[in-house]
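Same chain, two partners: subunit A is paired with subunit B first, then with subunit C.
This part shows the complex of A and B:
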């Protein structure tokens, strides 16, 4: 059963992304949105951790929340999928069996 | 698909009410049904019609009211969370001896049973919060 995990907090601020990664099963997906988008960027202390899970877990980042924070989609980690709009968020929700918000 | 949305955090303080609005709008545009939007904890503060944000800022309450009117959405506010924060409809104001009510158009006050029902009746429940 493929679960969508949503993470809306910066990985540099609290541990919700770490908790999420520790619990997410292979085949599931993680959506980074709101302040969570910073974890999708290349060249941070958490980039290697994100890269290490990409084989097992699909990672998505919400484009509008990246742009709202002045972050360039060019600097997103290779293999992390940028969702162009909220419609992409909706599609992820319907394509997965259930959704877990890591609030 | 039948979707429900839950909002646990207040407007302007945090992005949750904005994200939930954008998500709901996009879901409707894609032809999905929104079974219910449930406002809980500080999320109930979205439901006051007395908020007056600056003219160049979005009015989150009005955005939700307009979306509800356009798509006949069921916007439900948790009664216990609302009472604590002074969100009242006419019945609640009368019951508690208050001199007015402030619920915005399109919102209604009800209980947690409405959240449980949304979870049971919907294909997905998407939660927004802090």
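This part shows the complex of A and C:
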């Protein structure tokens, strides 16, 4: 039972990512999109939070939302997978048994 | 004398406080709209970018993949409306691993404490 968790709010101003991480079990996946993509970047005060879960949880970030905000895919944390388009989001949904959206 | 030629009204100090990541919500775009209105009335306008607001000024924004208009070039046009006071908070940049080189306009970086002082000097503070 692999579950997909989605986070679309900035982890700098909202507790959604923290709640998500606290509830995500090993083997599940987290997708960062919309304003949530800021958490995928290297060199921020929350980078370590993402790095600490990468061994247990697959983390994805949506490329179009990074590019819209001028965030370079080169500066995404190593081990976080960049999805090229929203079709990648759809694929992820189909590959998981269910989805929890942390709004 | 036509109504629009009447003597100028009082000039107030307006500060626009921008704190949100662009595109996920409408705040950043709405702030720009209201800033331009104040400029049309020749008010004393200051823009500050704190917390996630610093992302509004990121260079190289490309919104083709999300089907929204990239409004970041507007920040570079503000100078033409005599809006020249753009301040970015040092602590907010640092906690996000960003530097002034990452930004689309030449901004002045100010500390949190400097911005707190500046905020108290305003007549009107508008929050976005």
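Simple rule for what comes next: the second predicted complex is superposed on the first by the 103 of 103 C-alpha atoms of A that agree within 3 Å, B and C clash if a C-alpha of one lies under 4 Å from a C-alpha of the other, contacts with A are read in each partner's own complex, and residues count from 1 in each chain.
The criterion applied here is as follows: a contact is a pair of C-beta atoms (placed from the backbone, for glycine too) under 8 Å apart; a residue touches a chain by one contact, two chains touch by 3 or more.
Quick caveat: nothing in here was measured; it's all calculated off a predicted structure.
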| item | value |
| --- | --- |
| Touched partner set for A:34, first subunit B, second subunit C, both or neither | both |
| Which superposed partner A:22 touches (first subunit B, second subunit C, both, neither) | neither |
| Touched partner set for A:10, first subunit B, second subunit C, both or neither | second |
| Partner contacting more residues of subunit A (subunit B vs subunit C) | C |
| Partner chain in contact with A:85 - subunit B first, subunit C second, else both or neither | both |
| Which of subunit B and subunit C A:101 touches, first, second, both or neither | first |
| Subunit B versus subunit C as contact partner of A:43, first or second or both or neither | second |
| First (subunit B), second (subunit C), both or neither touched by A:63 | second |
| Intersection of the subunit A residues that touch subunit B with those that touch subunit C | 8, 34-35, 64-65, 85-86 |
| Subunit A partner contacts - residues on subunit B that touch it in the complex | 1, 3, 8, 15-16, 19, 22-23, 25-27, 29-30, 32, 123-130 |
| In the complex with subunit B, residue positions of subunit A that touch it | 6, 8, 33-35, 64-65, 85-87, 89-91, 93-94, 98-99, 101, 103 |
| List of subunit C residues in touch with subunit A within their complex | 19-25, 51-52, 55, 58-66, 68, 70, 72, 95-97, 102, 104 |
| Residues of subunit A that touch subunit C when the two form their complex | 8-10, 12-13, 34-36, 38, 41-45, 47, 63-65, 67-72, 75, 85-86 |
